[in-house]
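Presented below are the structures under discussion, each in the form of structure tokens.
First subunit A sits with subunit B, and in the next complex the same chain sits with subunit C.
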Partner chain A sequence: AAILIQKWYRMYVARLEARRRYTWTIFQSIEYSGEQDQLKLHNFFNSMINQLKLDTDGQPKIARAFASSQRPAVVASETSDISGCIEGIEVESSYTGPHLTFPITHAQVKTLIQAFKAKRRLHVRYLLELLNETQKLFKQMKNINYASTSISKQITVCGDLHGKLEDLYMIFHKNGLPSVDNPFVFNGDFVDRGASSIEVSIILFACFLASPNEVFLNRGNHEDHVMNMRYGFMKEIIRKYKDYSTQVTKSFTEVFSWLPLATVIDDKVLVVHGGISQHVSLKSLARLDRHRVSRNESMICATLKQQYHLFLLTLQTVVSHNDCYGWSPVLSFLQFISVLRPPSLSEVSSLENVSLELQRLEEWKQNIFNDETNFLTLKPTFYVQVLDLLWSDPKSLMGCNPNTFRGGGCYFGPDITENFLEEHNFKLLIRSHECKPEGFEYNHDGKVLTIFSASNYYDIGSNKGAYAKLMGPDLTVHMVQFLAYQTGSVRKLTFTQRISCLEASAMQDLREKILTLKSDLMEEFKKHDTEETGTITIADWCSAMESVMDVDVPWRMLRSKLVKLNSDKRVNYESTFEELQIYHRYSEAIMEMLYRYKDSLETIFRIFDKDNSGFISMSEFTDACTLLTRHTSVNLSPNQVNDIAKSLDLNKDGQIDFNEFLEAFRIVDQKNLNTVSPRNTESEDIYDCASVNSFDEPMGVKRKITSNSELSNLET
Partner chain B sequence: MAASTDEAKENADSLFNEIQRKVTEAFDIFDHESNKTVDEREIGTIVRSLGCCPTEGELQDMLHEIEEEENTGYIRFERFLPLMTKVLMERRYKPVPEDIMLKAFQVLDAESKGYLTKEELEKYMTEEGEPFTQDELEEMLSSAIDPDKGTILYKDYVSELTVEEQ
Partner chain C sequence: MSEDLRDAREVFDLFDFWDGRDGLVDAYKVGDFLRCTGLNPTEENIKKFGGTKNQGEKQLPYEECKAIWEQAKAIKDTMTHKDFREAFKSFDREGQGFISAAEMRHMLNAMGDRLTDSEIDDIIKYTDVREDLEGNIKYDTFIEKVMEGPPGV
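Coming up: the complex of A and B.
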């Protein structure tokens, strides 16, 4: 009897574990397929630059919108004066939020934390002043921070926070605030996705200003203007600082571009957000000008550089036949070609044109770069290095392979890690960038440690957060895990209930994704349904799902939750879409397609919305949809686009409120007629960490952590 | 005659293919590094998640068949697939129906109280059969103990877990 019960129970637990695993797979696949989308958008913008056509007034319409709104990232020096943004902003006497004076002290850090817990907002003037001071200090720092534990004898390393204030509070609650005896490294991705990116940034920057030698901030791939447009930080800025969103955005972008790229602890441990590659070398990294290199900029630079070389070659060919200019001094001045004036052969038909072109380029260069940095000496690998630092993931496969999941950086293998650590005489690489169920994970035989500090990242109960304490002369690693919850939310779930909740939430996300591809799926189903019975075999259903959906999930295991079978075990494929339907308040036409590309559309909108007003004109909207159809292979006829535009222009004044447009999408659960999406991710609650339980139950299989002998200790 | 045996063969083939795909899916979920190997400690979980209910001893036998000669601690997919397919085709290790489970608990309930105390369950689960680890015991207790009574109402527990399964 005992054996029966034991094996029955073990089977039950195993099935629960499988469910937990595929729930995780679903969340992660959906997340990464979104990132792939972002890459496609980037690639699209790059190819767009290559193919610019001049229209009648000599300026490509789309490029102008793109270029001028891209200015914060591409034309960095123009906006380096944050203090210019602050002028004229006064703090009203009616303001009840926290006041800041500079230099920032530890006491002020505490004031800020208390204020945010009381749901106050920092006045925009103080925010801009804070950003200004932060940027000034960052500017003086090198690309790589060097941290030492000689005084403190220990140091704490935290991973991604993604705007989750409750997790930051939890870390400070458990580990204390930063100070001379308590240094911290924060490893990037402070913003996007969570509800309080601004507050998290403010606290981190304030901590940094109060203890600049004890708080080390690394740049993450989300400290990037274009990422912020898609992943929520921009939205948060517009919501919280509506009237000053342009200044705030510019200032944040400026500060981000000056963030150091990595931190070295005691010359033994490297902390960087993404990872490494065969191109990465700390020596060459130390030399480059990190301010010029943000992700989108680096990609644009790559394209422009190609163009530029082509142009140069052309020029060279023409001029050398006329035996005029000495090229070396000229070459040393020529920089990147303006986005607004791509080169064209026809322009270089005469000597006069050449000198004009050179002059133009020189002017352009002086407008953009205020120093003499000679970009010709910058090897292309420099910005590739930065991409690799911020976007790479460790994998078990040897060597360096392009990171196809994310679209940037690479997959680096154990050999790359080994070589890198040996070359620099380091003993450990700490990185973040990937969510892990336990909040941390070791790879490459204990030589790579991933730390992720945003608990409940995908949904409540999805994962723990963690931070690492490196202690003693050997920097022994002690992991601390935690779960931070919103006050009042359900906490006392059993293991089983927690998995069921999480599974339901993942399934919901999956169903939404399925819904966006309904017409493609139906087409595929019908191909298998040769006799038009409305049913197909299970195998056919699975293969249809595999081929149409671009997420890698176990369809066979999920089948019973997604579709109905009829009496002879065939799948009634229409039931795939039974539960949910997309409603859009304003536009019946093409709503499925628009919903599918909602995130990309939003990014494009934001690029067009130069003044961050939340409004774009009808013609800009049409341009945005055209951009979208070019970047995907979807056909939106001009008529369809016009129809949508007209229906969106509610008060017929030629302006579209695209926030309203996006908010207007609702996924409605047919059965209960409840709105199930969007889930309320924008709650403004500030979480009181003192009331949080420490959660002792495991998130999954209790595996022994394989690691070096030095790595030990799990605390909860 | 020929037609129906052809059909029968076709059905058997497609069943075989379906089973193979099922096994592949289950394996992939636990293939943490996406390199077609899993930690051997997870094999039990995979086998059970496919609906089989082997004892620990039976699992060990399975493992011996498919583990590498040099004990790497990892099981490769190429070895796992044929064995697992066979297991499923032969319907080995079928799970026990609810009424038998109930009887098993009743056997442990020597005094026929209709419930088990925490101590009784703990004793049987850790001393008899293929004993639970401390962790397994704690997990089972946390879900099995009725919060109001502090005892294990096994009839309800069996029903609850069977429903969850379905």
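Coming up: the complex of A and C.
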């Protein structure tokens, strides 16, 4: 009897743990596949922006959009653009928010915190001034911060915050504000996803200005304009500073581009956002010009194996449009190839020569990528190093492998860590970038420590946040964990209930992703259903799901929650889509496609919408779709694109309100006939541009979970 | 490949994912691995088949896990409600259908595949069993809950 009970208990615990883990896997897989997509777009746009030198007349809209959407981060500027933005903005007498004077003092940091707790917003003038001062100070700093604990005898390291103000408050509450005796390192990803990216940034920059020798800020992969367009920071700026969104965006982008890339503590510990790779060396990192993503580097980035076809495509695009662009951009393109291989540029004077050049390039590409070792011995470039620093993840496999999960940076193994630490005489690598259930995790035999400070990141109850205190002459690590919520009263949920809630949340995300690929899935299912019975085997269903969906989840385990079995244990595959339906106002034919590429389209829209009005013209939209077809494998004929454009212009005024477009999809839960809020896995629902008044938006809840969604308050 | 084996493969992949995606699963997770495939071996058997008590001692590739799974599958679980009641009855001095909670704790702590105090607390919590004023529990309901199996999977 004892054994029976004990076995029961162990089975219970094991299954609970398995559920918790695959829930996590679902959240993370969906998150990373979104990031992968975004990184591709990011590299694509950066290459386009850098490389196109365009004449001013006779250009198609795409070209003009890129030419005039100058991004400060990619063009070296002598003077700051920010001070230009500030001119002419006055603070009205009716303003009740916090006032800032420079230089910033510790008292002012406290004032800011109080003001934000009281739901005040910082006036745009002060915000721009703050960003200006921050940028000026960053400019004077090197790529690598050097922190010392000689005075304080200890230092605190925090990980990703992702706009979660309550987590920052929690850290300051538990650990005190930064000061001479209390130095901090903040390891990147201050913005995106959370509701208060602006306030978090303001407080961090204010702390930095008040104690520039005690507050160390590292750049994260989300301190980047293209990421911000997809993951919510842009939306937040537009919502909170509508009339000045262009200036604010520009200023933030400028500040981000000057953020240092890493911090070294006492010459013993390296803190960097993503990780390292075999290409990363502090010496060469120190020498590079971090502000200038130079053209060469982008081009080289574009030649990384997974981006190479994109590069060729771009080149071909330019060549095929040569009558509009003229020859200069073509030459510019070809010039950059010389960084890797000297072309015979002087001979490029006719279309035939360019074709020849392209042909040679194609051959060269074959050679170089057919031989892995050749590729890897290419001299590591600056951009690749920065990409690796900000995007890499530690794994247990040896060596350095491309990070296919994220689409950028690499997976680095214990040997890479070992060599790196030994070479620099460091004892520990601290990084962030990955959400961990306990808020932190050790890898590589204790040599790599991941710290993640945004609790409840995927959803309420998903994970704890943590920060590390490094103490004493040996910098011994003490971890502090926490959970932060926005509003007070939450009732107790048992551990099991919490897992069930989270699981429900993850399954919802997964179902929606499944919905976006409905037609592809049906096609795949039908392939297995040779006798047209409407059913297939479980094994076939699983392999169809695996091949069509691009998320790595345990389909067999989840099968019972996703699809129905009939009496002879075969899967009724149409029931995969039974529960949820997309409710929309567009025609059926294009609806699914639009929904699937919603996020990429949004990013492209934002690039076109320079004045952040939320409207783009029909012709700009048509261009955006064309870009989309270049970037993805979607094949759209010009007629189809026109059809889409017409149906999106709901009031037929020649303009597309893309905010309306984004909000136009509602997932309807067929079973309960409840309308679930507009789905967007990356950003919070509260980014509804219609409700501009609500500064005090509720944090954390991505969707309306059932009434059981309360939580226990676990403070460690 | 049988359905069961496919299930087992997926569970292995899930564990491997959490273990660092290197194709190996730490042997101290063998018990949990088997339980997630629907089997319910005793701790003794787990050790016999190749599981370890501590983390980091041994790493198992899929083939070895599969072999362990096959061994575990072969063992039949034969206890029924009746057997269970018989066992409890021997503790039930007064024949009233009650057993002292303290005695049950002791039993779980000292016999069979021993559990720790906090694990026993969890069991009480999960089965929602209540002690009466004299510290006894009605074991019939408790047996039912246990035979029902863990909820939600």
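Heads up, the rule we're going with is that the second predicted complex is superposed on the first by the 556 of 716 C-alpha atoms of A that agree within 3 Å, B and C clash if a C-alpha of one lies under 4 Å from a C-alpha of the other, contacts with A are read in each partner's own complex, and residues count from 1 in each chain.
Quick note on the criterion: a residue touches a chain if its C-beta (ideal position, glycine included) is under 8 Å from a C-beta of that chain, and two chains touch if they have at least 3 such contacts.
Bear in mind that the values here come from a model prediction, so they are computed numbers and not experimental data.
*Asks:* Give one word, clash or fit, describing how subunit B and subunit C relate on subunit A after superposing.
*Replies:* clash
*Asks:* Looking at A:Ile151, would you say it contacts subunit B, subunit C, both, or neither? Reply first, second, both or neither.
*Replies:* neither
*Asks:* Let me test your reading of the model: by the given contact rule, A:Ala504 touches which partner, first (subunit B), second (subunit C), both or neither?
*Replies:* A:Ala504 sits against neither subunit B nor subunit C.
*Asks:* Which partner does A:Val180 reach: the first (subunit B), the second (subunit C), both, or neither?
*Replies:* A:Val180: touches no partner chain.
*Asks:* Does subunit B (first) or subunit C (second) touch A:Ala286, or do both, or does neither?
*Replies:* Touch partners of A:Ala286: none, neither subunit B nor subunit C.
*Asks:* Please work out whether A:Ala118 is in contact with subunit B alone, subunit C alone, both, or neither, and reply first, second, both or neither.
*Replies:* Touch partners of A:Ala118: none, neither subunit B nor subunit C.
*Asks:* For subunit A, give the residues common to its interface with subunit B and its interface with subunit C.
*Replies:* On subunit A, the residues that contact subunit B in one structure and subunit C in the other are 1-15, 17-18, 21-22, 25, 395-397, 494, 496, 538-539, 542, 554-557.
*Asks:* Under the touch definition given earlier, write down the residues of subunit A that touch subunit B in their complex.
*Replies:* Touch residues, subunit A against subunit B: 1-15, 17-18, 21-22, 25, 395-397, 494-496, 537-539, 542, 554-557, 701-703.
*Asks:* What does subunit A use to touch subunit C in their complex?
*Replies:* Residues 1-19, 21-22, 25, 395-397, 443, 494, 496, 500, 538-539, 542, 552, 554-557, 569.
*Asks:* Which residues of subunit C touch subunit A in the complex?
*Replies:* Contacts found on subunit C: 1, 3, 6-7, 10-11, 13-14, 17-22, 31-32, 35-36, 40-43, 79, 83-84, 87-88, 107-108, 111-115, 119, 122-123, 125-126, 146, 149-153.
*Asks:* Write out the stretch or stretches of subunit B touching subunit A in their complex.
*Replies:* Checking each residue of subunit B against subunit A gives 14, 17-18, 21-22, 25-26, 28-30, 33-35, 39, 41-42, 44-49, 52-56, 95-96, 100-101, 103-105, 107-108, 124-125, 128-132, 135-136, 139-140, 142-143, 161, 164-165.
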